[in-house]
Structure formats: C-alpha cells, structure tokens
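The two complexes that follow have chain A in common; it is paired with chain B in the first and with chain C in the second.
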Partner chain A sequence: MKAAQTPHKKEVPCVFGRPPQLPITKIIRLSAALLARHRRCSTPTAALSLPPRVCSLRPESLSCRLSTIYSWHFTGKTKLCSVDAAMATTKPRLSSFSRNLSAVSSSQTPGVKCGPNGTMFVSSGIADLDKILGGGFPLGSLVMVMEDAEAPHHMLLLRNFMSQGLVHGQPLLYASPSKDPRGFLGTLPSPASLKHDKSRDRESEQEKGLRIAWQYKKYMGENQPNFDSHRDNKQDYCNEFDLRKPLERHYFTRQRVNCVGIQDSKNLAALQEHCASFLAQHQRNDGSCALAGRIAIQSLCAPQCEHSNMDWEMLSFIKSLKGMVRSSNAVVVITFPPSLLSLSSTKRWQHMADTLLSVAAIPDEDKELAKLLSGYQDMVGLLNVHRVARLNTQVPLILEATTFSIKLQKRRFLVLECLNQAPVDGSSGSSYGTSGSCSGSSKAGTLDF
Partner chain B sequence: MENQYLNLLDRALGLDGPSEPWPLSGRVVLIEDCVETSGSFVLHQLVKRSLSPTSSNVIIFVAFANPFSHYDRILRKLGCNLVTQRDNKRFIFFDMLMLRCPDVDKGKSSEGGLVLLYEKILKTICGLPGDKKDYVTIMMDDISLVEVAANGGSDYVLDFLHYCHSLTSEFDCSLIMLNHEDIYSSMERPTLILQMEYLADILVKAEPLSTGLATDVHGQLTVLNKGTSHRLGSSGNKIHNFHYKVKENSVEYFYPGSRV
Partner chain C sequence: MADTICRTLRDGGLEGEHAPALTIKDSKASPFGFDVFNYVLTQLSNYILAGKSQSRGLVVVAYSRSPSFYVDLLKRRGIDIASSHDWIHILDCYTDPLGWKNWLIDKDISQEASSLSSFCQDVRNLDKLYSLIIEQGKGLIGQGKDRFSIAIDSVSEMVRHASISSVAGILSNLRSHDQVSSIFWLLHSDLHEIKFTSVLEYLSSMVASVEPFNQAAFGQRVDLENLSMLEQNFRKGKFHVRFKRRNGRIRVMCEEILVELAGIKFTPVLSEDEIINQRLLPKVQFNLQLSEEERNERAKVVLPFEHQGNGKPIQIYDGRRSLGENKEEALVSTGKLQPDEDSGKGQIIYFRDSDDEMPDSDEDPDDDLDI
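Presenting the complex of A and B:
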C-alpha cells in the first residue's frame, strides 16, 4: 500500500502546502484525481475533467474521503481546517463523486439509472425533460400528460418515451383509442446517428464559448445541480431522437411490443388485464434490477371509447394501475384531454399523478406573444411541469421555471427551453436566464442585438 | 423539558401540553391539501410525534396512496424506524393500495370492502393489550381514493368515516385523515368534505403561497383548532397561520416574514 502511494507524495504537498493561493475548486479536483488513482478507478482522467457541478450532495462521503487522502499524504504538514472550510463553500462541486457511482450502476442495466432515495430512473426520451425532472421518470411512478385538445403535442412526448424504451430493449405496452394502434409504431422517431450527435455537441460547445454574458457563466445553472450530471452517459441513458427518421424495424422485433386498442372494448377490464399481466412480469425484487417496462396509454378518456363517460371506472382503473406500478419496475405514462372531464374529475386525475405535465400548442401568428417571447418562430408549443414525482421523500421539488417552450431543432430534434422574455427595445441586450442547453436561436434577438 | 423541541405546528395542534394523556386522543384531525402543495408531511410529522419514545401511542395506519416502503424511508430520515415500531406492535400498517369495492350497482356489495376494513380496524384495537388501548391513533392517507375505490359512492365513504368517528368516543382514540380540498371546490354541495370538516376538531390546510412557488417557502399552513370545551383552559376557536419549508429530516415552520 505504502509503496503505491509514494509516487504521489512528491507532487501533492506542493499543491496542498499553500492552500490559500489555490482556488478551492482546484484542490477539490486534484483530490478527486488522487482519489480516482487510489481507488484504481478505470478512468482517472474522467474524474479530472468533470465539470464542477453536482448531482446529489454527499458532503459526508467526500469529506471522509478527502480526510483519508489527507492522512495518507500530508499528516502534520497542512491545515485541515482550510479544506474543511472549503467543503462548506464548494458544496455544489462535490457531484463528481456521486456521478461516477450512477455511471457504474447504470452500466448494469441499460437505460436505468439510480437516483436519490432509492429510486431508479428511466429516461423520458427527451434529454431536456430528464434534466428538468431531475433525472427522468422514476420507476414505479405514474406520469400524466394533460393534452391540448386541439393539437397533438402529447404525441411528441409519447413517441420519444416509447422510442427510448425500444432502443434500450425495454418491453412496451401501448394502448390507444385509434383503429390501428400498431400503426403508431411506424411513426416512432429513430435515434440520431452519431454524426448528428457530435455536430450538436460541438455546436453547443461553441455557443458556450461565444456566450455574450460570459461573466455570468459561473452563476448559471448553479441552481440546477442535477442537470449536467447526465451529460456524460447521455449516450447510454438518453438518446437524441430524429423526428424525421422512422425507427428501424429491428427494434420492434427484438422484444415484445404489445399494442392494445381500447376503442372497441366495452369497459376497461381488458386493458386492466393487459396491464396487470404486463406489470406482473416486472415485479420488483430486492436487489436485482431487472429490465424496466414501459406502459404508454394514449388519450384514456377519448370520446370514441365507450368507457369515456364512466368517470369512476376510469378513476378506479388509474388507481389500481398506480397501485400495481408502485411495486414494479415500470413506468406508466397516461395522456388525457382534461377538457373532456368535469372539473372535479380533472382534479382527481391530477392528484393520481406522480408526475404531472401539460402541453399546449401556441397559435401560429400571435403577434403579441411573438413580441413577448424571444425565439417565438421556432416554438411549436409549451410544456408545463405541474408536479414532479416524489417517491420516498417528503421534500417537494421546486423548479426554477415551470413553463418551457417545446422547440424543434433543425426540424428534427425535440428540445425544451426556458421561456425568455424578448428584449423590449432594440438596444437592450438579450434577456438573461438562458440555461446552458439553450441555443439562443432567436432570430429577432440576434438581429436586434 | 421537551417544550424547546416543539415547533409551531405542534403548538397549533395543542401538543405543547403534558404528553400524558395524549393531547389528541378523542379528537379528529383533518388535513387538506391541493395539487400544488402536498400536505402529507403533516402526517409524517404526526407519526413521528406519536411514536416518540416518551409516549406510548399505537398507530393504525391505513394507507391508500403509498406503500410501506415510502413511509419507511421518509420516517427513517426523520429519525423514526417504522420497521422496529412495527415489530413492537406500535405501528400497524394496512396496505390498502389495491382496495376495490366491487360492483357499485349492486348496492350492498360495494359497501363490503369498507365494512371489512372497519371490522379489521376494530378487531385490531380490541386485540391490543389493555394499557395500549387508550392511546390509539388511526391515520388515513387519502380519503379521496376511498371514494374512488367505492366507485364514487360517497355515502358509503361517509358511513365508513362515521363508524371510524364512533371509535374516537368509544376508545378515545384519535382519527387523522388527509383529503384533497381542490377536488371538491367545483362541486355544488360536496357533502363528503363538508361533513368531514364538521367532524374535525382540528383542521390543517396546506396551501401554496398566493405569490407563487418559492424555493425557501414551500407553502402556508392554516390550523383551525376548534378548542375543547371539556378541557381546562382553552376555549373557542384558534386560528394559526404560518409558513413552512419541508426538508428531508425536518420541517421548518415560521411566521410570515420572520425568517432572516
């Protein structure tokens, strides 16, 4: 053990010997690198280059690790208190450690990631939505999407959700009020080829470099500590989907895809049976992390279904579905048009949801709105986050913003962005509040500037 | 001695008196919340209070909304191990997530599930050893789901609640329920919630701030303590109003604007 440590002994004391001159972040990163070497991490460089953000704060684990490093190398030489003080100020930077952990665990099962409080996440298929929700949809949760009665924006969410599952090889149950539910599979988007991914990454990096308000960079995104941690394993966990390219055939054949039409059945009993038998195969066993299942139900209360006027039957279906999914490794996404339900029923449905989203279309030529919001031309709709699933915890997740614009990047990729107020007059700069992922693509804004 | 650990909610609920007898015994507490703000943390707080080592309470927790593991994880972070308490027979958990009262049309059978549930609760209370029988707390985590289970037959739910209410006078146990207020706000005459509010001795309302969501204030609580005529001292209604912030291991309560 000692022999292994000696090579580092030379370089480190000169780093830590004069803590006041060194930025705290550097200390932390260096110690992270050290730690990685000592733990014989497979990629010590990865630990070095981690962006200084956090996914979950685990100060206790870091401080103990740091102090072990300390006791190994600098006993008697340094002031421990300075690092302890550093701990307090650099809490948001501790993330690097827990992320490695999540990367390790995600490698066990494709498409499943460990989250806080013993939950596990699967991706929604939209990287930005995963970030907003703090990791994705937790297994065992019920996600409800309130549709816009006049526009099919909920289909965008559904498609990406289903495609992501198929790409990960997760079984899927899809129920729809349409005549031919299986036909919907033909409209699922395909994951973008690597070339696209790279070009987008490069672009966003460039944008970062050219940021106008570069001095504020360090303040940005600090309140969204969870978000950046998923960048690295995005390749594994969340793909980018090209909405113009249909999903290749072999994804459907690789595993079981169940399609159910709910239009012709008299009541929900058949669908419930399908769901029950599907979920029975995904029962949660302690320890072992089996393949996650996905259930997508489109427009549950659509008027063409016979059960659409049976409020209580639908509610008890949702209730039992929620009860079943809680004890299984699966996620259920239900979309419904709230305008078809009575007010109190809508509230009941909303209370059932663990994660509650709503989508809304925006009118094509709304001049007033176009004046108010920057990037209005690229928007296709709005997404509202009403509630985020809080399994195994009592702390509510309060988001920075609850309304996001749905945009199509290059008419192919679905991205979500915070709403930005358009500059009021031409002389003022672009509005603040753009998150890292924002492409700042507003034509009007740049021209004005 | 313990008084310094009491927070605003404990005081509003009247838990600041002597812990023996249990201040809530024989009383009904109704917690109301809405989609934007969950009031379940009040339940967690009360579970923790009731199971504190100084008291000898027994909780019968009837869960309609969340499984045991959910509550176990939350309470463990609050410093209370539900598994141990369950083994000590101080925390009795009924998992009613899959409760379904079949066939509403056939009248009596829909009542069936709820009658069975009531009998189960009664049997549990009767089965307790004599010294513990006096300090029973019945908790239900979501009454609106009972309605769903009964297929909208709110009369059956009301009957069930009245039966449970009778336990509070019979065994002097306390009844703590949670319901969602906003479901009923658009109804013309929401019998269920009105009757529940009438039965309640203490009404706890969790609402979001009218100014919108904030990271350091999660909402406000209004506690209406209808006072007890048969107890010394306090009489008449008392309304407490304060803000709160929920954390993993505690909840902070503070008067509006009093936080530095």
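Presenting the complex of A and C:
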C-alpha cells in the first residue's frame, strides 16, 4: 500500500479513534481510500486512527491534545458506513462527534477568541486560569473576586487582567478606592521577554510533535508543519507576564485607560456614570465584534468609601452594571473583601457574579500544611473557583478541582497549580487518613472545599 | 513576639508601600491593651532616640489619656523630656475634644506637657485632624525625605465622634502618606460591632490581640475551685499576633503576658498545643504532573514506530528473528538456543476454520509493534 498524498491545505480536519472491532489494517485501508477519494474533491480530509492501547500516553490526554490540532474528533464504536456518512455530513451521529471551535480563533480582533455557544472570550492574563475557566472570561459577563483581608492576592489577578487588556489594545476603565488610582498603573506587569517565550515555544512544539506509538507518520508526515506555522502569525491570546518588569508607559495613554477614584464621592452615581458611558462605546451589534473593553473595579466595598455602609445601593449598582455589560462586548471584574460585608450581603453579591473566584492567604511556616501539600514553599496563596460563567447554555461546568495554589515561578511569573498531596512518609507508618493533620484539625473549623 | 512587632514598626515601610500598621486589640476579659500600647510606645521612642529607626519623630494622638500621662510615662522609662521637642509631639484630643471649653487656659496641664502638646478642639472633623497630624509630623522632621510615626491612643474613642468610613478613610490616608513610617493604634474590641473590628483588621498589617489567660474561667462565678484561675486572669494574658508578610503569607505567633507594676512582660508560650490556627484542608489530589526529571525520563523512552517516516525502509517486527540475530544470541547464552532452533526447525500448521475469515484477524495486533 503506498502512502497516500494529500494536497497541502491550511486546515485539515481529521478523524481519529479506533473502534475496537475493526482491525488495524482495515482502518488503514479505509483511510487510504478516503484520502484517494478526497484528492479529487475540493475539501481536503485526512483520517488517522490509532489503537488506544498501543499509545504510550493516556488516551484521554491524547485525545485532548489531538483535538486541539484537528478540528474534528470522534471517539466511540462505529461501523465503516457511518464513518463515511459522518465525513459527508456535519450532523453528529451515533457517537460523539463534535467540532472543536476553540482551536479556531477570530483573526480579525486580537485578544478575542470564539468559544462554544456563540460566546467570545478574552484572556484573563493568566494562562492557567484561562484553561481552568474553559477559554477565559466570556464577553458580557461579570467576574467577582472575593478578597482575603489578610493578603493582597487579588491584586495579582487584577494586574494580569489589566495588563493583558492593554497589551491587546483593549480600552480599560479602572476604579479604585485609593487616592491616586493612576499610580497603580505603574505596577502593571509587562509581557515576558522573548527569551522566555522562546523556551516555552520550543516546549510546546515538542508537545505538538506528539510521540505516538503508531505508524501514522508515513501517512501524516507532510501535514504536521501546518499547525506550527499558525502560531507565529497572530498575537498571543494570552501573554505571560513578568511581574517584575513594569509595563511600558505608552500602553496607558488617556484614550485607552480611564481611572476613577471612588473614595471621595458620596455615592456610586459617579462610578455608575463612568461605567455606563464606557460600556456604551462597546455595544454589541449582531455578529461583528469590535474592540472588547475591560472594566476593573478594585475593592468595591472598601471601608474608606462612604458608600460602603449603603448595602442596597451597592447591590443595585452591581445589578445595573451586570445588566449593562450583558449587552456589550466587555468584561467587568470586581474585587471585594467579603469580611467587611454582612453575611446576607455577601451571599447576595456572590449570587450576582457570573464567574466567582476567591483568593485565600496561607499561613507561613505551617508544618502541618507543609506535610500535607507538595510545593508548599513556593506557594503564595490559594485560589478557589466557585462558579464559572456559562452564557447561552444551561450546562454547567463541573471542575475536577476547585482549589488551586498560586505560585510565583522565579518570583516573576504567576502560575496556578492543582493542589497535590505531598508524598506520604512511608516509614512513619501513618497513612493520610489517620495522620494528625486530617483528624486533628476538626477542632479548629476546617473549610472543606 | 512583641519585640518583633516593635522591630517591624521601627523598620517602617519601603518606598511606594503603605506604612506598616498595628492594631492592638483587647476586651474586658483581658484589659491589658493599654499596657501593650505603652510598651510599644516606649520601645519605639527608644529606637527613635537611638537613631535606629526609619522614623525620626513620633506624633501621639491622645484621646483617652492626658498628655501629662505620656510625659510621666516617658520619664519613668528613663527618657529625658526636656530635650524631647524635636522628636515627639502629642496631639491633645483628651482635654477638650468638642471645643466646649472656649476659655481654655493651659492651667490644667503641666508645663512640660504643654510644651510638647497642642490642642485639637474638634475631633469630629477628621479631615482637619488629618492635616493637623501631618503638619505636626512635618514640623518634627523638617524638610527632606525623613519620616515620622503615629500612635493613636484609642481608635475606639475616635469612632465615637465620627463615622466608620471616615475613620477608615483617615487611617488609610495616613498609611499611604509618603512621610509616615509606621502607625499603630489601640482598639477595645467589645465596644464595637464586629464590622468595625474587621475594618480595622483589614486596614492593618499586624493584628495583636490580648486574650484572657484562662479562657474557660472568664465569666464564671467566683468559686473556690476557679478562684486561682480567675486570679491568674487578672495579671496574666495571652498575646496573639497575626502578621501579614510581604510575600502574602500570614505569620501567627503567640506569647504570654505578665502585668506588673513596672510594666508588662512578654514571655514565650510554654505549651504549643494552644495555638489556634485556622486550618484549610483543601481537597488534595494525587500528583499527576511530571517534574522536570520525570519529563526527561519520559522523553528517553523508546516508542515503537517512532523511527518510521524518516525515509528509511520500514521493517515490521513480526515475532520471528532473523538468523543473523539468532547466531549472536547463541554466543551469549546457550540455554536459549534450543527454543529458537526449534522454532526454526519445527513448524506450526494451522488450518483455518473457514475461508470467510479475513486473513488478518488472527494477527496479533502487538506484532505490529516496531521498536
């Protein structure tokens, strides 16, 4: 059987996944036939099948990775005929056959990515957070971050969010209770220098050149370079920010950044005005996506603001803001310290949010925690994802893990990692379930995530 | 740990950072907050006099004690008052906070104290108070890059005359002022709603709370059994401090207090199991990520079929070795020779059950592995 050649096209939809009953050579013949047939057609296709048990990687991760390269992925049992039919039509068949739209990004607007269900995403500035939230912050949503009164980690999130917007040229409205909000712009991080980017690109290229224990290379070899070339052409959707390098001043010109101080005003009317006029510039017209906008409000119920004891005023402000942002191409991020609000107010604010995150401080030199978690030394704090925005759909996003540790790599780059259990010391003979940290802490009020 | 607090206040804040702020919190169960306040005040004064601290002056906003009290306190601690004009100033909000005594002549205050203090006669106007404090502080340190510290006698008194948000406003403004090196204040937590206490904790970088020595004994009837425990509460207490460190973590420390006539003594706590820590037990997963070494090891694993597609002719391992390899193996171990030669000599004859069977179905898929 000679290796089939496919014409060089930009996007190559592929099918993979081996139905257990079909022998390998049959699949090869099928793919060869398909290739031969489609050579005559205008739509290029290529079929790739791999027997899962031969793969040296875990099948789930394999399918996830391949699905980012190929725009169709298909798993499950089928017969030859339905594979044919599936290739011919776009309707999903017996098995799950879904189109990965996340791989396709809109080339017109940098920094905006199309997602499922007609939503569009902007990056949060932290690549790990984008992954956790399924693409980023959806346009038109309200993100609320619950601060911890004891640690300023919400500022890290805000800084990355604001920098990402400025790097992509998206207008920004920033409100803060400090006397000089504009001064905060000086602490925004700059995208990491090229050296670091290159090493990451090499890593990702290595991943793209997947090592799969299957003889597909002889059929697929010429298609691989296409996928790598995509990445250099457009701007990165999410930059990696170096927290030690301040953002260049030319990014925050007056047109792009508007800073509002909320400490001195009697109530929230002025802030509401600012937000309304900002969002009016980013109205969502059908289909086309002009430049996306970002609003960042820091510590909305800070105690030095006069409106901080007007519970219902603040609540109605948030509600009107949420309504305005729904019909615009913008994302609003509000941070607030829940310890300064009454319990019922906190609950109401939490219900307002589309995406709800919270940051928590961790105790220093805590031996129990060091025993429990690996990488405790590098951890700066904890991030909890309580709710992820799901617009235009009723299907919730259920995360495997909701608590992540915030770490600073090389003291510069913010990463979020899953909490991993530290290796249990086998010699001591105590397992995780019986060790003191688990049972002994019940007296001190555990917070179960 | 009180020394750690004093050292933090002494070192002050970095450029562009908010000044470190300390809240000293007590309650009627253990009312030693003021003693702690005096201790911190004298320590800081000593540092300033010795020139070891970042701040060169101290402004004391006295709400609950008269300025003469502070003068006496410093005298008792051995600090020379006569030459203290250039580093300490007391803002007197105690004598006449609301401006009732319009005919005030400073006969109520001693000569020494009046030279060090100035009146504030309208504590309701916190903006004015703010500018007064800054003015006095600048007066102490003069022009230049120097800084001064602020001690507020009792924030509980301050909030009697003003709203919570204005008190929070003045405190945060003071903290963020360029020339303020450090600030500390006293709070009686049971006089206020929890909200006010949490506001102050939010605004401060260190929270020191004084708690009763025997928690259980407080509030009970005086009996012979718990008399000794109650008595202990009258002189001893526990001192808990929560530091917000620059790296974003919280440091919790604990000490014991003993109050004597001469002052207050801090001793390290003897038993460790009383330390109350808020424990977070998140749902922890097993580590499914690879470290750098593990990634390198994985990269070294030889996978089947990897060498294909390189342009070389493809050979698929089909379970039988060539004769050349056989001979090499024979040199290595003779024991293995027998089965190999048998496979060469013997034959396995297989009759298909039916002719419908596809010729490939009896193939072991693993035969395709090509390493």
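A few comments on the model shown:
Following the convention adopted for this analysis, the second predicted complex is superposed on the first by the 283 of 449 C-alpha atoms of A that agree within 3 Å, B and C clash if a C-alpha of one lies under 4 Å from a C-alpha of the other, contacts with A are read in each partner's own complex, and residues count from 1 in each chain.
Everything that follows uses one rule, which is that a residue touches a chain if its C-beta (ideal position, glycine included) is under 8 Å from a C-beta of that chain, and two chains touch if they have at least 3 such contacts.
Computed from a prediction, not measured in an experiment: that's the story for all the values here.
Of the two partner chains, chain B is the only one touched by A:Leu356; chain C is not.
By the document's definition of touching, of the two partners only chain C reaches A:Pro303; chain B does not. By the touch criterion defined above, A:Ala280 reaches neither chain B nor chain C.
Counting residues of chain A touched by each partner, chain B versus chain C, the larger count belongs to C. Looking at the shared chain after the overlay, A:Leu391 reaches chain B, while chain C stays out of its contact range.
Shared-chain residue A:Ala269: touches no atom of chain B or chain C. Contacts of A:Ala401 after superposition: chain C is touched, whereas chain B is not reached.
Touch criterion met: A:Ala149 reaches chain C, while chain B stays clear of it. Comparing the two interfaces of chain A, the one with chain B and the one with chain C have residues 342, 402 in common. Only residues 23-26, 51, 54, 56, 149-153, 177-179, 211-215, 217-218, 220-221, 263, 302-306, 308-309, 337, 339-340, 342, 360-366, 368-369, 372-374, 380-382, 400-403, 417-421, 437-438, 441, 444-449 of chain A touch chain C when the two sit together in their complex.
Residues 163-165, 168-169, 171-173, 176, 195, 198-199, 201-203, 242-245, 247-252, 276-289, 301, 303-306, 308-309, 314, 358, 360-361, 363, 365, 368-370 of chain C are the ones touching chain A in the complex. Interface of chain A with chain B (complex): residues 117-118, 223, 311-313, 315-316, 319-320, 322-324, 326-327, 342-344, 347-348, 350-351, 356, 386-387, 390-396, 398-399, 402. Chain B meets chain A in the complex at residues 35-38, 40-41, 44, 66-67, 69-70, 73-74, 77, 97-98, 100, 104, 142, 144-145, 148-149, 151-152, 180, 182-187, 213-215, 218, 246-248, 251.
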